[in-house]
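There are two complexes below, and they share chain A, which is joined by chain B in the first and by chain C in the second.
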Partner chain A sequence: MSKSFIKHFQWKDKLLALIVPLLLLILWQSAGPLQLVSELILTPPLTLFHTLADLVGSGELTDNIIVSLQRVVIGFLVGASSGFILGIVMGLSPFLKRTLLPLVKSVQQVPEYAWMPLLIILFSVGELPKIIFIAIGAFYPMVFNTFQGISGVPKNYHELANVYNYKNYRYLTKVIIPGALPSIFTGIRLSLGLSWMFVVGAELFGCDSGIGYMMIWGRQMFQIDLVMSGLVVIGAIGFVLNFILEIIEKRLFSWRRSFEGGIA
Partner chain B sequence: MKKWIRFLTIAGLVSMTVAAQAANKPAVIRVGAVGSSGKPFAGGINGIVQDQGLLQQEFKNDGIQIQLTLYKGAGPAVNEALAAGKLDIASIGDLPCVIGRAGGLKTRYILGRDNGVNSYIIAAPQANIHSLRDLKGKRISVSKGTKTHLTLNRLLAQVGLTERDVKLVNLSGADASAALATGSVDAIIGGADRPLVQQGLAVDVYDTRKDPIQNKGRGALLVTEEFAKKYPDIVKRVVKAHIRAAYWASQEKNKEALYAVETKTGSSRQSLVVDLAGQNLKEKYNPTLNASSVASFKDIVDFAFRSKLIRQKFDVDQWFDKSYSEVALKELGLENYWK
Partner chain C sequence: MSIEKGTLEIKALSKSFIVDGNPLQILNNINIVFPAGAFISIVGSSGCGKTTLLRIMLGLETQYEGDALIDGEKIVGPGLNRGIVFQDHRLLPWLTVGENVAFGLEKLKRKEKKLIVDEHLKLVGLSGFVSAYPSQLSGGMAQRVAIARALASKPEILLMDEPLGALDALTRMYMQKELERIWLFEKISMIMVTHDVEEAIYLSDKVVIMSSRPGIIKKIIDVPLPRPRDRASSAFMQIKAEILKEFHLETEYPFAYAI
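Let's look at the complex of A and B:
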């Protein structure tokens, strides 16, 4: 297959990927004038652009993004590291796996948003319940992916570790974690993505800053353009975070080839 | 034969449409109100209209259905429903209806409703709050954008404070009560029902019962401009049904029955008795659009703009439409009752 042929198809793919969003954007802008949806409910993209520009100009958007990102980073670190440690412990110890895994799976069934009233009662309306709420979101993907990664470390790796007489720390850092790293990294990606989504939920309750709060304020003050601006910003930042992690993942695991769909 | 069936069907549909247009009446009137936090029942005048089936009675002979929706999300949720075109008539608090109008909702203010809605500030016993002045620097829970938000601002202004002198925490209903019970906030502002006080978990700090009526919350009955333009006579009759309810509630002899209606919202009778004690019912339930209500709404618009709750002001005089209530009051022989 010639290089120009592949290049042609790559461009075609990129164009196709642009066409749908572009059509949606046109439909979105025309929805008001065509009386499909009231402009009071669905802010047209051009109005949204002006609102976003105003929010950036006043510094309000940047301030709220910084506050939300701080919450995400702390919540993610707490939740993902707890999940990572528990995943390793359950992966290494069959006894702890039998003891803890059913419990973790049961508690996971509780819808995440159901935690918030309890967290407020237990930890007041300050930063702590918000961090814990985000941490809960980050915890599950990390614990399960770490556990699965460790469980899936090939048997011959363990045999090799025995040959080299790797014990405890060296066994963990030289064999187990490297062997489970692709799955752990998937956990990190999912955890970070969910942390970013959970921050909005965390900021719905008793909050006076952050992107989630900005959206709630917009709803209560019937300034729907603020709600839509929040949605756009959340989507954009989530996309950027995921993109950065994808690049890191590709560099770290360049040796790994995976099937990406399509017919060869 | 098939041709005849098709012809008759089309002719039937055309004649039905013509008849409907001639009668100039809708098949259904979509009414929205703020639902209570307890049971699915509206409070105040709306509750009486709902309980006595006044709208259903008014439109029974016309075959017009009444579709009542109660919104637990309070005023902001009613505004959203209006924006989505889901309502023709809306019953809403003072600040939310101003926010909605300033946000571009095409409504007309057609009747006043529940003028003397009291607010109560309660505090955690350990918060050491005994008066409005003690609120300075404290964490106060309020549902922003609702009429209690406005009342709180008015009360703070009485002692020379503003929102910036306190820490507002945006919570409502059960979340606010839980936050106060656990010490997450120092005080909350809400309605007459105060189970936390009855349980000894909070103490009363201040309430608006003895304040001038201008300082209290009030409600509004709105109609969408589109509905009003299409069905002016129907709007007048909706207003008439609400005036009947206001007249019934204004009479001292109906006070016991009024408690019975109000308890359907889930409020305790004891709280209602305390709330209404010494209140002039005629003043509280006065639905007329008078100079006082216009002035009050002008104040609200100014306050909301100053506080950056709304981005633009609007002309209250243009928004108020007395035409329906004036005719309805005359037809009911009540044109002088509330004067």
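Let's look at the complex of A and C:
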């Protein structure tokens, strides 16, 4: 199969993926004129586009995005790094696994949003409860995927490391972590995705900035276009974050590609 | 008394595993000397403890009675004086071929590493594949990289656990020739576990026959044939018949179908 043929195929796939969204957009735009839904409740896409342009122009949207992204980055770093460390520790030590894994698993059963009332009582409504809220969400995928990745490193590799006298730090960095990296990276992706979802949630609880706050404000002012702009922006940013991570993943795991016949 | 480097000696060695609370004897009173520079194969049906014996020589198994000595000293664990080729190539998939070959060379400088890697990839006929990934290699190529990795740390003895067992018949015969060439070039001791009698005769100075439950050495057969060996020669066939006799295969099947 030639490369151009594969490319042609992918191009066709992409086109197919666009058909349904395009039809939905047309339906959405015509919902008002067809008197299906009032334009006051369902802002048509073209109006929405103008609102978005205004928001960008006034700097309001950009400011809110930056504030939200800051929260995401801090919450993600705190939650994911602690999940990473705990995952490694539990993956390496059967004793700590038996001690900690049941606890982590049971606490995970608490729905994410159930933490919010407690966090607000403990830390009031500043930045801290929001960061912790995001960190909790980012923690779980990271701890489980890191743990699974590490305990899934084949016994064969441990034996090989033993034969070549790899110990401690060298063993961890040259054999265990690279072996677990695909799983760890899945953790990072899920973790960052959840962080972005939870930042909006965190901002719904008492806040004066961020994308979530912008939407709450829009609801209170009955500015539906503001609410819907928020939705579009959240979706778009989530998509971009995931896309960036996918590219990094492809680069990082180029060794996984199978034989393509073009190396000799 | 001085012992030539690359000599491996097993003295009165017995080993048992605990299975369901009962000790199961795997190896019983094994006595054998692997002289320096020789190519010796260990053949036996599965479960005869040949892999366990190899793991003891490698230093991965340390619980046993008796002695396992390398150059007159007790084996206490794995060491770079012994190289190993497993049945699976066991290359790390995230490292390139070159990095895999350099796996045992951590302490060397970059330049020295490169020199040794190039030299050994050339030896196994894979120059130019230094930056390929294991997923891009065929089974035979991957096993050759594994051999290069094992030899790169300059071992006195190369241990091989069914190194060609996972390859197809044609690749396997080709790799047997390659192994012989490498052995003649490196002039180190090689000890290979296999269940392919023909492979053992083709490559070895001596063939050690083990029988199972518990694993004992049943017979050691010299292979005094000139190299390269002709599998179809009558002397070759005679030795093959002699070995197969030990497995009680000579009356049940014609030779052609025995293995």
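The definition used in the following text is that the second predicted complex is superposed on the first by the 248 of 264 C-alpha atoms of A that agree within 3 Å, B and C clash if a C-alpha of one lies under 4 Å from a C-alpha of the other, contacts with A are read in each partner's own complex, and residues count from 1 in each chain.
Operating definition for what follows: a residue touches a chain if its C-beta (ideal position, glycine included) is under 8 Å from a C-beta of that chain, and two chains touch if they have at least 3 such contacts.
Since we're looking at a predicted model, the values are computed, not measured.
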Given the touch rule stated above, what does A:235 touch, chain B (first), chain C (second), both, or neither? neither
For A:175, is the partner it touches chain B (first), chain C (second), both, or none of the two (neither)? second
Quick check on the superposed pair: does A:117 touch chain B, chain C, both, or neither? Answer first, second, both or neither. first
Is A:40 touching the first partner chain B, the second partner chain C, both, or neither of them? first
For A:163, using the defined touch cut-off, is the partner it touches chain B, chain C, both, or neither? Pick first, second, both or neither. second
Quick check for you: in the superposed arrangement, does A:102 touch first (chain B), second (chain C), both or neither? neither
The shared contact residues of chain A with chain B and chain C are none
Over in the complex, which chain A residues touch chain C? Could you list them? 156-157, 159-160, 162-166, 170, 175, 178-179, 181, 253-260, 263-264
Taking the touch rule as given, give the residues of chain C at its contact with chain A in the complex, in rising order. 58-60, 78-80, 84, 86, 88, 90, 92-96, 103-104, 106, 128-129, 132-138, 153
Quick one: in the complex, what on chain B touches chain A? 76, 79-80, 83-85, 96, 99-100, 102-105, 139, 141, 143-146, 167-171, 174-175, 178-179, 181-185, 309-311
Within the complex, which stretch of chain A touches chain B? 38, 40-41, 117, 120-122, 124-126, 205-208, 213, 216-217, 219-224
